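In order of appearance the chains are A, B, C and D, and numbering begins at 1 in each one.
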Amino acid sequence: MESEAYTDRELMVAAAAREIDDGDVAFVGMRLPLIAFQVAVSTHATNALSVFESGVVRDDPADGFLHTMCDLPNLDHAVSTTSMIDIMSRLQRGDIDVGFLGGAEIDRYGNLNTTRVSSGSRQIRLPGSGGACDIACLSQRTVILMPHEPRRFVQNVTYNTSPGHGEGGDWRERNSVAGGGPETLVTTKATFSFDDDGEMYVESVHPGVDLDDIVDDFPWDLRTAKDVTGDAVGRTDPPSQTVLDLIRKFDPDGFWTR
Amino acid sequence: MPDTKVRDLSAAIEMIEPGSSIAMGLALEHAIPFAAGHELIRQGTDDLTLIGPISDLLFDQLVAADLVDRVRAAWVGNVSAGTGYNFRRAVEDGDLEVENHSNFSIALSLKAAAMGVPYLPTRSLLGSDIFDESDRFREAEDPYSGDRLALVPAIRPDWAIVHVQRASPYGDAHFWGNSGVTFEGVKAAKNTLVVAEEIVDSDVIKSDPSRTAITRESVTTVAEVPYGAHPSPLAGRYNRDNEYYVDYAERTNDLADAADWLEEWVYSVPDRTTYMEKIERNLSVSEPTVAAEVEYGK
Amino acid sequence: MPDTKVRDLSAAIEMIEPGSSIAMGLALEHAIPFAAGHELIRQGTDDLTLIGPISDLLFDQLVAADLVDRVRAAWVGNVSAGTGYNFRRAVEDGDLEVENHSNFSIALSLKAAAMGVPYLPTRSLLGSDIFDESDRFREAEDPYSGDRLALVPAIRPDWAIVHVQRASPYGDAHFWGNSGVTFEGVKAAKNTLVVAEEIVDSDVIKSDPSRTAITRESVTTVAEVPYGAHPSPLAGRYNRDNEYYVDYAERTNDLADAADWLEEWVYSVPDRTTYMEKIERNLSVSEPTVAAEVEYGK
Amino acid sequence: MESEAYTDRELMVAAAAREIDDGDVAFVGMRLPLIAFQVAVSTHATNALSVFESGVVRDDPADGFLHTMCDLPNLDHAVSTTSMIDIMSRLQRGDIDVGFLGGAEIDRYGNLNTTRVSSGSRQIRLPGSGGACDIACLSQRTVILMPHEPRRFVQNVTYNTSPGHGEGGDWRERNSVAGGGPETLVTTKATFSFDDDGEMYVESVHPGVDLDDIVDDFPWDLRTAKDVTGDAVGRTDPPSQTVLDLIRKFDPDGFWTR
């Protein structure tokens, strides 16, 4: 069975890699995007460049596993190892084509929270923004990766760490939020796009997932491709064997992807 | 000839008063001055304000030791494992004040101080709750275009602590690999402690002046501490000790366990030699890449 | 594999349209791209706006060739001899518009563009006629302290032309020695021409990524021109040819003499090999200083 | 005779070198200050540091003659070769103790013009500010070196390139001009200080110069040390043989100092 041949996170990495176009400058965060960039530049996006907020610029996969963007294999034979201001300035100039984000909570307009959440009466403190707010504000487009867990999908994020399409419509423009905002959300069950109003809709469900099982995970009436484009909700392409081999090369012990 | 600024690490850390604000972990996951942090814990230098973009484990350890009143940062946790449990616990218990930043806003705060201006403008932050909840960030209209901008005011730490590959006894230093906000932090701070893998003759530093982004007049004191950035990696010197991060996460979810961890890894470890004997993993650089030759001369 | 951006110098200069704004001479007296400037003169690329801190001779030569409408700079002259006679003559005759800057205001103009913000604040300029006569610099009140500041708006040149020691065919470059506003200029400009002493394999650049402050996505085209910065010096490669500057000053006080000079040194010199044959002085680095070893690796 | 044993410019260099205190960070411009710093750090100010707007930081004399701050001997074995923003930021942070300036015109409050002057009906264009305006605005104190020519001493500078004490009194504070302003002017005939109101006065005349010959060079009633401090106008110390030897070592052909 295809669905047993790879993990949910391997599928997410494969889907994320497809979001990097050839020639893109990608702002790569931690965890899965670290692997997604390496897959993309090894397959269809050989002219892509990656930048990391720590100051690293790379044009090829690292020769060795990366726990973090600052592991020595990511610095070795980098194109440039520079400063955060240098990297963030590229973002602020509008030179970053795509940035990757994650979140503990997301709302229908792709606003993300990584600062604090409530669980009953308890306020749980999360690590915070890191560079996420900057990527969300300033990338030409963003791609969001999240585990598909109903508690993460909320009417309103508890704290808007990383603005998406705000309240929808021309909210970003009205609020002088410079970049393009979320274009794609990939969860462990489905891939979502955002319509002209900035509202997310199901673009495709992953192999083995039933659309009906997904819509109940959201506290709002989830829109689908059919509502927006008229096309039926698709089936996410599974990772090819080439891509799976690459993912397992870049994450040999499955530290991030198992 | 200038005077040497070399002290042993404990004497250098003694210069830092309780109640100080300290910027560290400025190169992100790279070159984190853990040895200096552990010495702060052993000396019990408390009432601290910690400043940095993403702190990885170091801030969590200082919080575990109950030395921290306030954190001004973009992210505090454990990059390999996610949560920093001591940080989370302290915030949830109301014992720790947090000023929320993005990485860029911390970078610009230090850059403003480094440039000697009261603020820098940015197009980031707008639309976020980081901006909306803050009484520091201000909205401003660009007088040229009418665009809305955010203003980020300067942060001038009492101390910056940075770890580098090599420094002269006067404080001029070579640091390579990604630098994050290291150089901005040094220039922003009132004092800087440079912790170096190796203290070298001034002529070594002066053989490559374009690599010298930290110069003596910004540096208060210098300490030589080989492996002083462990468990974080240092370009050309040693790899990240990832198992340490995973182990720390597993052993500090609980307050009592965290105390045990501190006892084992900090309080009962008098110096860096003893510390390194506890590390069984081989972290050395196995395939060095030698930088292409560069010449100056006349 | 990215495509090569290498062109011969004349093809690279052909990419620059008449009417362009060009930032060059950004490392001050160091690494001035004279070869590129002379090719602009040979091609007659006119209606130019020139941008830079202190131009030394290069701007004066382009003005002598009647290619320049406007200069945005802090200082235009001949550092060895004082006056740039062609510049002075053109301004006094009303043929050349000058936007007066200080070095810092030019640096901040380019830095603002490089950072992607519309302006940067400064404590300089206030009280000077540079500030008072300008309709670009604005006074602003610091909302935090109430202090008065000057705002310096961004300048985004059409082109930056920079001379470096070595570059990859993709445009990633190593440049050492003092850099002035070279890196800010490259990031500020819409296009960059990197003129390199030597084009090297990408692996040479990648052996020392912390030396790579110019990266490919900022670079439009790359040309290999040994001695392309002569008569200015280039760290590790060749010394300043001071007699050239003194000779230029003596020979260009008068319009007709300046035309003769251009004919001899630019129009009648088809390429850099021929040009270097005209230099009899030994400018080579006699006592090279080799930079201390740096390693990366994994 | 002492006055024949050295040139006017050698005396100026010697006087300028004395203005650099041990431990100072000095912002060194072109021409004579290039040599003055090298003399100072070789004699009484062994802990001084020099910075140059091109990006050079040095703690010792260059091993070779300097036409400009970017000549290779000034880069070789520098402490740091960095960027202009780095250097100017030190100035803006208030970390530069002393900066050197020159000028085509100076007025009684030490305002300097290097931009344009009038000669009869002709407007003469000069090279401009370079970093002078920034040094004038932001150094803790400035030292001005100028040839002693009556046409350079004016009631009001044609163009205020580099602000001194403005209109005197608390002008700098009122106009948010951050640094301390001019402390010393050294000409080829005398050394001047500035009083509490920011007005220049003769502190000492150089060997062989008569005070009476100087006062007529100024279009205002020139004050002297006697008016300000009650002390008589002194005699500028001639350069010592050690200092002369150093000047001639650093400028062996007398390119700048003959």
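Convention: a residue touches a chain if its C-beta (ideal position, glycine included) is under 8 Å from a C-beta of that chain, and two chains touch if they have at least 3 such contacts.
Which chain is which protein? Per UniProt: A, D = CoA-transferase subunit beta; B, C = CoA transferase subunit A.
Bear in mind the structure is a predicted one, so any value in this text is a computation, not a measurement.
Should one ask which of A-C and A-B has more C-beta pairs in contact, the pair is A-B.
Mean C-alpha positions place chain A and chain C at a centre distance of 41 Å. In whole angstrom, the spacing between the mean C-alpha positions of chain C and chain D is 28. With centres defined as mean CA coordinates, chain C is found 36 Å away from chain B.
Listed for chain B are residues 116-117, 122-123, 147, 149, 176-179, 205, 207, 210, 235, 239, 285, 289, 296-298, each touching two or more other chains.
For chain A, the set of residues that touch two or more other chains comprises 56, 72, 75-77, 81-82, 85, 91-92.
Taken together, the touching pairs give a contact graph of some other shape, not a line, ring, star or complete one. Chains touching one another form the pairs A-B, A-C, B-C, B-D, C-D. The touching residues of chain C, counted against chain B in their complex, run 116-123, 138, 140, 142-145, 147, 149, 151, 153, 165-166, 174, 176-179, 200, 204-205, 207-208, 210-211, 235-236, 239, 285-298. Chain C makes touch with chain D in their complex at residues 27-30, 53-54, 73-77, 79-80, 82-84, 87-88, 91-92, 98, 100-105, 107-108, 111, 122-130, 132, 147-149, 176-184, 232-233, 235, 239-240, 242, 245, 285, 289.
Residues of chain A touching chain C in their complex: 25, 46-47, 49, 56-57, 59, 62-64, 72-73, 75-82, 85-86, 89-95.
The touching residues of chain C, when paired with chain A in their complex, are 1-2, 113-117, 172, 187, 203, 205-207, 209-210, 212-213, 215-217, 296-298. Residues 30, 52-56, 67-72, 75-77, 81-85, 88, 91-92, 115, 122-134, 136-138, 159-163, 166, 171-172, 175-178 of chain A are the ones that touch chain B when the two sit in their complex.
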